[in-house]
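Just so it is clear, A, B, C and D label the chains in written order, and each chain counts residues from 1 on its own.
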Amino acid sequence: MSSSTEQNANFPASEQVELSGHIIDSLILPKVLDEIVSLGGEFEFQDVQIGHRRRDASRVTLTVRAASNEALEEILVAIGQHGAMPLDIQDARLEPADMDGAFPEGFYCTTNEVTEVRVDGGWIPVDRAEMDCGLVVDDSKKFARCIPMCDVAQGELVVIGRQGTRVHPVERDRSGHDAFSFMNSTVSSEKPKGVTVRDIAQSMHRTRDESGKILIVAGPAVVHTGSRNHFSWLIENGYVNVLFAGNALAAHDIEQSFFDTSLGISMTHGKAAEEGHEHHLRSINRIRRLGGIPQAVESGHLKSGIMYECVRKEIPYLLAGSIRDDGPLPDVVTDIVEAQRKMRELCEGVTFCLMIATTLHSIATGNLLPARVKVVCVDINPATVTKLADRGTYQTIGVVTDVEPFLRALVQDLAGLKK
Amino acid sequence: MSSSTEQNANFPASEQVELSGHIIDSLILPKVLDEIVSLGGEFEFQDVQIGHRRRDASRVTLTVRAASNEALEEILVAIGQHGAMPLDIQDARLEPADMDGAFPEGFYCTTNEVTEVRVDGGWIPVDRAEMDCGLVVDDSKKFARCIPMCDVAQGELVVIGRQGTRVHPVERDRSGHDAFSFMNSTVSSEKPKGVTVRDIAQSMHRTRDESGKILIVAGPAVVHTGSRNHFSWLIENGYVNVLFAGNALAAHDIEQSFFDTSLGISMTHGKAAEEGHEHHLRSINRIRRLGGIPQAVESGHLKSGIMYECVRKEIPYLLAGSIRDDGPLPDVVTDIVEAQRKMRELCEGVTFCLMIATTLHSIATGNLLPARVKVVCVDINPATVTKLADRGTYQTIGVVTDVEPFLRALVQDLAGLKK
Amino acid sequence: MSSSTEQNANFPASEQVELSGHIIDSLILPKVLDEIVSLGGEFEFQDVQIGHRRRDASRVTLTVRAASNEALEEILVAIGQHGAMPLDIQDARLEPADMDGAFPEGFYCTTNEVTEVRVDGGWIPVDRAEMDCGLVVDDSKKFARCIPMCDVAQGELVVIGRQGTRVHPVERDRSGHDAFSFMNSTVSSEKPKGVTVRDIAQSMHRTRDESGKILIVAGPAVVHTGSRNHFSWLIENGYVNVLFAGNALAAHDIEQSFFDTSLGISMTHGKAAEEGHEHHLRSINRIRRLGGIPQAVESGHLKSGIMYECVRKEIPYLLAGSIRDDGPLPDVVTDIVEAQRKMRELCEGVTFCLMIATTLHSIATGNLLPARVKVVCVDINPATVTKLADRGTYQTIGVVTDVEPFLRALVQDLAGLKK
Amino acid sequence: MSSSTEQNANFPASEQVELSGHIIDSLILPKVLDEIVSLGGEFEFQDVQIGHRRRDASRVTLTVRAASNEALEEILVAIGQHGAMPLDIQDARLEPADMDGAFPEGFYCTTNEVTEVRVDGGWIPVDRAEMDCGLVVDDSKKFARCIPMCDVAQGELVVIGRQGTRVHPVERDRSGHDAFSFMNSTVSSEKPKGVTVRDIAQSMHRTRDESGKILIVAGPAVVHTGSRNHFSWLIENGYVNVLFAGNALAAHDIEQSFFDTSLGISMTHGKAAEEGHEHHLRSINRIRRLGGIPQAVESGHLKSGIMYECVRKEIPYLLAGSIRDDGPLPDVVTDIVEAQRKMRELCEGVTFCLMIATTLHSIATGNLLPARVKVVCVDINPATVTKLADRGTYQTIGVVTDVEPFLRALVQDLAGLKK
């Protein structure tokens, strides 16, 4: 439990804080330590009193150090949300509202946890816990309450900043069943997408330049959504070292080469072609007649598309069978144990894996990859990404977005990185 | 029931077809007429025997005309799927399979409907109905069966083309409850997206050039996903004549201007900012202190973003209140009846409406618009688009895609059209 | 184009209506005919002028007959929505509003289509089309407008009933791309569920009693959601004649028998069991050691559950392999072409198919079934049902609901029917 | 850092374990402490060396105590997954496979993390990390590898149990952007539902018996799905103390009372009623004519349903306006700031909140409730539950299920508890 003093030169700002309650049982201590470190600070344990049984309270005193007073303040604010309080506490700063319906700048923003305010050296409980409000202390300085922005009146005493406030987070109830605790946050479709795509592009670019091995797992939506050219660009430019897919991706890719449709929808004008639903069958049949995809390329029948590029660039691919398959193409490995064996072999040395719009193949591949492989899973359906994580592929980054524009943006970003 | 003969010059190819069964009750006749016309052909009724009661069969004879034999063939194939048979019927063409495991080119693709093949002048029933197979007739020419591609053996007699085949579509059961008929196809996320975006861009461009009025209804995901610049471009370039939104879009737009975050997520590097969840509250509070959005622009506090552009370009906007609102911004119309009235006024003259990532405001707007207004609804969640249609806004085009890349592509397409 | 007069005795009420415009191209005529028949009426064509080219208008006169004046009125109202107008037209009924903010009972409800009102023998256009409003005619009787309920003032002249009103539905634009027409309504989770389940129960019961053949296709969620007992009840009571599933359903079913967990979650108290994620692997391994599921039953190792009941009741089952499979169980058919062949055999004679919570196996089975087989697809995810229909299994009834309560209710309803 | 020795009488089994690496930065230490406590054990720190900077490794030695050797083993297995290793380490147990294609019982199940096996006193790295496999050591005892169940050959040396194995979990990369870390697990629709409903029923029952206050927030799907009677039962039996809803729930509830339809769908037979889409408008209009819902009850016009029961039982309700509303009903609070104020008042003293099928009202209510209130959110759409948690209502229990069967099961369970 040591902390070399030489370090302190880099962390001149410090504060002693205390944390008490069921801080282990409620994951509060871990969160606090994690916040300190992730905000660039460091901590030193001063005193640790751990409750023996689950219901016993614990009490920990830490010294928090940071590179500047500002950084320290940021840490204290963050860990204050989890109930960590400076030992040296001051009264809350109060300022009268200068107008109706709005707080002074710098007002304290409430959470929905039990909260107290320190006024004249004593702690006043806050009357009602409601998130996203301000805190008002009455003139007698004996009562405090949450008040929404639109209800504050000029002259009311508003708490400014976090000094002199403390919260008592609700502890998780772990008795009996966990029906009341299985909730967690999740993948969201509401993130700045440009940033995410740029990060993925950089990872792929770095992987290629460092001679890593990129595995792409792709579903037929790559073809249906009109993204075939983007995908072909990735192959041509060295961003695909192995391809896992099924009969459908290859069949619709070839359908587009032969008929300019995918599942019968014209890729040029988006309309359904008459009899178009038969195009993929006729495409599979033609490849079966020719003996396989490489033969179709060599004989000059297949002249464009994803599978064509794979053959031309000698990218190994594995088309794994499923009971939904029409045909299937002669290249499909129809025995699933055999397919798994080949996938396992091709996974050797993979360092980056991009999964696009396929639940079946993504989960199957996730099952085979070591945890150290970075996996990005792109799907318009949040459930696919969630399922992948639920089955233990924890290293997955989920991106809930649409295939075509994702690949379009990825190609644009990669093209920019090449220069 | 006339058909002027002068037309026939343009439609030299013709064939008489017959349709029988519960063709009205099953929507079969309508579908056939619709197919003929939509494939560029025309029809003339020869004889119409309509069953009186629901259970009575009907029988209709039509002459189908088309511009060429090829076009006629296409029509006959399409309407043959619904059971329309040429009066002048020929035997099916049979060809021996030239190899195992694949059909000859041009093979007949089966549906899952009851099917018959005409051999030696008589109709043979097909043993089992399965879609996406071929049809094989046995040597005795007395039996026919569906066979999957992989099971055909060299020498077996395969039906080629559709000549001499007929199907009997299952009729809808309409007795009693309709639990067995409420199913329909739906919006799909698997369409060529580039084509769809291009169509929308052309519609918007045409609307602007013809001095139509474009209404945009937008949710806060426009800001969260990092699409604010795309949206601002639309305003600057005249593609937005009215904006409907709520407190959240404006608040997060202003949050980005003030703090470079949206719901606390940095728009530059995608990370959560410490205390960032308070940024939108502080932004709303600041605007309340200034008196409103126009005042914030005029006083130089608000210098960028969607609301800034609206003020600068004098685009009328309506921010409608909801019970989820924090604050709200002073510009929000908090009484919903009053908000509806203002929306109604601003809807006057709208000719094109683009709804982006908001269920509440989209449905509210859909309720106000005349059917003649073209409405495009973009959402990553198919349910939003579906709900819009279910409530009677039938003219809606649903696009299931991601906001940021959609707007990015739309701006690129519009920028291309401008030149 | 005849209509036997003897029928007219049953349909004493009649009215001549006219329909004009692009009624074929816009599917309007079909819809009108369909509505008449489905509302229990009948029609007789009087005059049919069909436009030759897509852009030419058509004009059809029909006699509509119904069993009573009330039924006739209902039909006229319904087809009036599509623009079918009685030849014998009367003025709209006007009544002054008797209070502010509400219409008189029986007020005309507007659509969002172009609408006209007949006043003093002439047609007045309605100023603005908005759905779900009332219609008010001004004192001069020269102007009419849509007005929302809350805005009507006492004394204003409100249109009552549909008499003397007509709408002009927007026609579908079919030129060029169909981006603006691919929208349709869809499966909905918002239907009275009790009724739907009751219908399904009746179908299954009837199928069993008529010695039909019921195929169940089921995913592992049947086990995860705690529905195994419901399913076993179905087997025991003769409602399952064939079972299609994958390795996962069988593995988790056996896991529950061996460990009382499913994917490691306790089926008794809902908590995750420590090491529970290994239970399915250990279960598969144990069955592999025993040689297969029937051997495990015969040797007394497997004593409960779905697979146990299948073996005991000699219900044929097909476990089809997929590349996601762990193990797999020795009973799994790992070659997918072989699995399809066996599924095809077992589909022989199936008359009712219930698909529960599996996209892969449902679509694979849908591909094999004739159209005449009634298919019910139950999934909590609307996308699964939609995909099934998109691939051509049009006869499917989609039920968007949760597996466990669905099966619970189904078993309750079936148990009730048995008595 | 003390641990009273008297406790040890209850925890006779103990083991010293060591944990090293970036155990703070990677949340590994927290997880380990949490696992120990949650599995019923206790821990005592022996030595804690915390790295100062993020990149420095830490090293912690703990004594783990448990109530039995079996319980201790369970804990050691659990924390071993996170890299916690007993200080006193033994070689792995090896056993030759007794057959092809299956492991001996008790085989070690692999994770996808970097793994080592202890053989002859030294650690051998495992060649490839793949989850859900077994571990085989070659005859030279110098190499170990993951092997899938189906590939093991008789005689190969298989690792049994976890003794003598260790894993090195991948550490989270926290440099730069967090695109590679925003993924978490989520609400799932695949849980044993009966258990969850039973837990909720018990909570509601306890709340009622302890004179707590139950708030129900409900959307119109309660009516559409045919659940009105279940809901009325809850009111009648004292399980509803406050109701929050919108215009739609009340309007469709009243529509069902007046017309036996909801959004025009018959609640008796599930079919669309002709003109049924107008029923809710006519219902709203009629209530407007009567002055409000209480007046409609008192005058005998409204005789059944949710709103009727609320009036009869004097349950306070708040109908909050939204811009989607038709009418609205006179009882709706149309100003959203006013509605929030009233909701805030009615939230006073609430101890349990059940939210059913409404995103808007659920999030609005979640914003107002203190964190200590237990919140259960039921929706068929996982996104609603997720959104609630994303906005800070962390105490929410999400249940992804269908409204009608959920309420049916809840009522059944509550009826059972009453006895």
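Note that a contact is a pair of C-beta atoms (placed from the backbone, for glycine too) under 8 Å apart; a residue touches a chain by one contact, two chains touch by 3 or more.
As the structure is a computational prediction, the values presented were derived from the model and not from experiment.
The chains in contact with chain A and with chain B alike are C, D.
Distance from chain D peaks, on a Cα-centroid basis, for B.
Chain centres here are Cα averages; for chain C and chain D they lie 31 Å apart. Once the centre of each chain is set as its mean CA position, chain B and chain C turn out to be 19 Å apart. Centroids built from CA atoms put chain D at 36 Å from chain B. Multi-chain contact residues of chain B (touching two or more other chains): 132, 150, 177, 179, 191, 195-196, 199, 269-270, 326, 328, 337, 340, 367, 381, 383, 392. On the side of chain A, the complex with chain B involves touching residues 39, 74, 77-78, 99, 101-103, 105, 107, 109, 132, 149-150, 189-196, 199, 221, 224-226, 262-263, 265-270, 274-275, 278, 281-282, 284-286, 288-289, 326-328, 380-381, 400-406, 408-409. Considering their complex, residues 1-4, 7, 24-25, 27, 29-31, 33-34, 37-38, 40, 42-45, 48-50, 52-54, 111-114, 128-132, 148, 150-151, 169-170, 174, 177, 179-188, 191, 195-196, 199-200, 203, 337, 340-341, 344, 348, 367-372, 374, 382-383, 385-386, 389-390, 392-398 of chain C touch chain B.
Those residues of chain A that touch chain C in the complex are listed here as 176-179, 269-272, 277, 320-326, 328, 334-340, 343, 359-361, 363-364, 367, 381, 383, 392.
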